[in-house]
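Worksheet: one structure, shown below.
Going by the order they are written in, the chains are A, B and C; count residues from 1 in each one.
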Amino acid sequence: MPGLKSVVESLIFVADSPVSLDRLCALLEEFDRNDVRDALAALREEYGGEERGVVLAEVAGGFQFRTPAKNADYLRRLTRTRTAKFSQSALETLAIIAYRQPVTRAEIEYLRGVDSGGVLKTLLEKKLIKILGKKDIPGKPLIYGTTKEFLELFGLKDLKGLPTLKEIRELSETTRFEQQEELPLAVSAGADSDGDGGD
Amino acid sequence: MPGLKSVVESLIFVADSPVSLDRLCALLEEFDRNDVRDALAALREEYGGEERGVVLAEVAGGFQFRTPAKNADYLRRLTRTRTAKFSQSALETLAIIAYRQPVTRAEIEYLRGVDSGGVLKTLLEKKLIKILGKKDIPGKPLIYGTTKEFLELFGLKDLKGLPTLKEIRELSETTRFEQQEELPLAVSAGADSDGDGGD
Amino acid sequence: MSGGETLPLYQDEDASRYTVRLEVFEGPLDLLLHLIRKNEVDIYDIPLSIITREYLEYVKLMKELNLEIAGEFLVMASTLIQIKSKMLLPAIADEEGGEEEEEDPRAELVRRLLEYQTYKEAAATLAAGEMLGRDTYARKFAATELDEIQPEEEPVEVEMFELIEAFRKILDRVSEESFHEVGAESITIAERINDILSRLEGKESMLFDDLFPETFNRDYLVATFLAVLELCKLKMIKVVQANRYGSIWIAPAVVEEGTVESPEGAGADARA
């Protein structure tokens, strides 16, 4: 009978998407959960070497074999592997949805300042986002969120793994603006040659 | 720079068919053929252990990672729960029933323009639709509607949760703006965001 | 004098320089951020005079290059001009006895810019990370080991989007009549051109802001703005500013015979 570690390795290798511990345990019900966990840990160790060409990545709530980024240049030589290209608008929209989900189209468009219908459709088609349902406000707009495929694409374990947003320097209340009630003419005059004392 | 063995491992892993030594050497022209051969030999050794769940097999004149035959029983469990994809005709039919229920087969076929008997049968078997009764018109055709399982599949509380026609329309509208050529990532990521060290 | 400055014209060298950049802007917020960075000004204290002028230059340039201008750019143009006018208002507000702390008219815009910038950076961070299919690869083909195994059960997996896409495709084929857009074309640029010209008739000038009624919708705003640009281009009106922070006025321009092209019928009657 094959050992558990070997079986887990085979399962992760053959599966077409990341396999979670829960899924492994469900598939291997005759084994103890702790043993499955140990097998996973041992595999992670084995596939963790600096010089490996295949690593065991933890993405989208599961485990998947992937190649290390440092080998990417060589892999691009394989004709079949297309490089993933994203437009700036797709990336922006995706970022907004990832961080603000569940989010409506109107909210996305307010934040981006442009119509985003086309981008939403593309992202839906690529399965990077999905319709989560409808928001319980007047008009019942659709709400969007990211998918498992999104996590897979960016190699994220879960949404908590998203890079932290750079903090917005808070608009320090009204005081900041009060001080500037009289606008410094110098700024504009300097930039634009001859100032004329308007008032 | 990554080591040759690591690169060979990655290439074989990602390639969708067995990779021959010749192919490897062609892909890795900056390396010496003997070194590529040595890397392969080292990998064969590494992946040759009795307890491995992934082995490096020599098939069809090339090399490919595979799972050992002794693990096949476990892998079968994986496929048993493989999720089925919906055919376009099933989706169309389901959509028509969802939005136009109660609806007869003749009406569905009028809208789709093709015979839909087979699809209806499949959807009935999957319990996504059900027969609601008979329509009170000559011939008393059966009328169909969606089921509780249908709502569950799409995570809907009730049929009111289905996106409205207006929302569907809006999603498929694209603006000029989104149709612009995709920008190479380098430009979009770098060009505009980090020109100067922002205040 | 220099105070009453019309929108500057463009040299060809500028045009070629800008076109490259135009493609990079994702929208008005992106363009504004670019201008703020380019001018090295404080985002918390945007000198609207400079930024608005440069913003309008871009928009006008886009138009001159016959690039289609997304409506959002024009909406923002009007927003900028309105904010600029509002910044003159505190004096009036004081008269009404309000020592209330009026929010800086720019505050909302600044918030939007900061927020947009945050997500723009987040997008860049995401893109810079390890991406599947670009930096890292997984096996994306079915394992041969599973070829001969027939799945016994078939739990289905489908997204709402796929369902509604399927439905939309049917609707595209079957009935077009039922789902028609409500007439968004109710306001045309030609109408607005004629309206502006008739309101200017016999006057020396009028406030730009007065072109917009109390309540107006987006289409109205966009059409009006395009009409003003069109009239500028045709040299039928002048856009002037009394002083650097002053309101924007439009005034009829003296038309030289033979230099004006008709904007496809719209200005034909007004030209006389």
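The rule is short, and it goes like this: a residue touches a chain if its C-beta (ideal position, glycine included) is under 8 Å from a C-beta of that chain, and two chains touch if they have at least 3 such contacts.
Remember, predicted model here, so these are calculated numbers, not experimental data.
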Chain located farthest away, centre of subunit A as origin (C-alpha): C
Contact-richer chain pair (by C-beta pairs counted) among B-C and A-C: A-C
Central subunit by CA centre of mass proxy: A
Subunit A-subunit B separation of Cα centroids, rounded to whole Å: 19
Centre-to-centre distance between subunit C and subunit B (centres being mean Cα positions), rounded to whole Å: 38
Rounded Å distance, subunit A centre to subunit C centre (Cα mean): 29
In subunit C, residues with contacts to at least two other chains: 24, 27, 30, 70, 72, 120-121, 124, 127, 137-140, 143, 145-146, 160-161, 165
Residue list for subunit A, restricted to those that touch at least two other chains: 13-14, 65, 67-68, 75, 81, 86, 88-89, 91, 114-115, 124, 131
Subunit B contact footprint on subunit C (complex, rising order): 23-24, 27, 30, 33-34, 37, 40, 42-43, 68, 70, 72, 120-121, 124, 127-128, 137-141, 143-146, 149-158, 160-171, 173-174, 179
In the complex with subunit C, residue positions of subunit B that touch it: 10, 13-14, 16, 66-67, 72, 75-76, 78-86, 88, 91-92, 94-96, 98-99, 111-113, 126, 128, 153-155, 162-163, 165-169, 171-172, 175-177, 180-181, 183, 185, 187-193, 195-196, 198-199
Sites on subunit B touched by subunit A in the complex: 2-3, 5-11, 13-16, 27-28, 51-54, 65, 67-68, 70-71, 74-75, 77-78, 81, 155-156, 161, 163, 167, 170-175, 177-180, 182-185, 188
Residues of subunit A touching subunit B in the complex: 2-3, 5-11, 13-15, 27-28, 51-54, 65, 67-68, 70-71, 74-75, 77-78, 80-81, 85-89, 91, 105, 114-122, 124, 131-134, 141-142
Contacting residues of subunit C [partner subunit A, same complex]: 1-3, 24, 26-30, 39, 41, 44-45, 47, 49-50, 70-72, 76, 87, 90, 101, 103-104, 106-107, 110-112, 114-116, 118-127, 129-140, 142-143, 145-146, 159-161, 165, 242-246
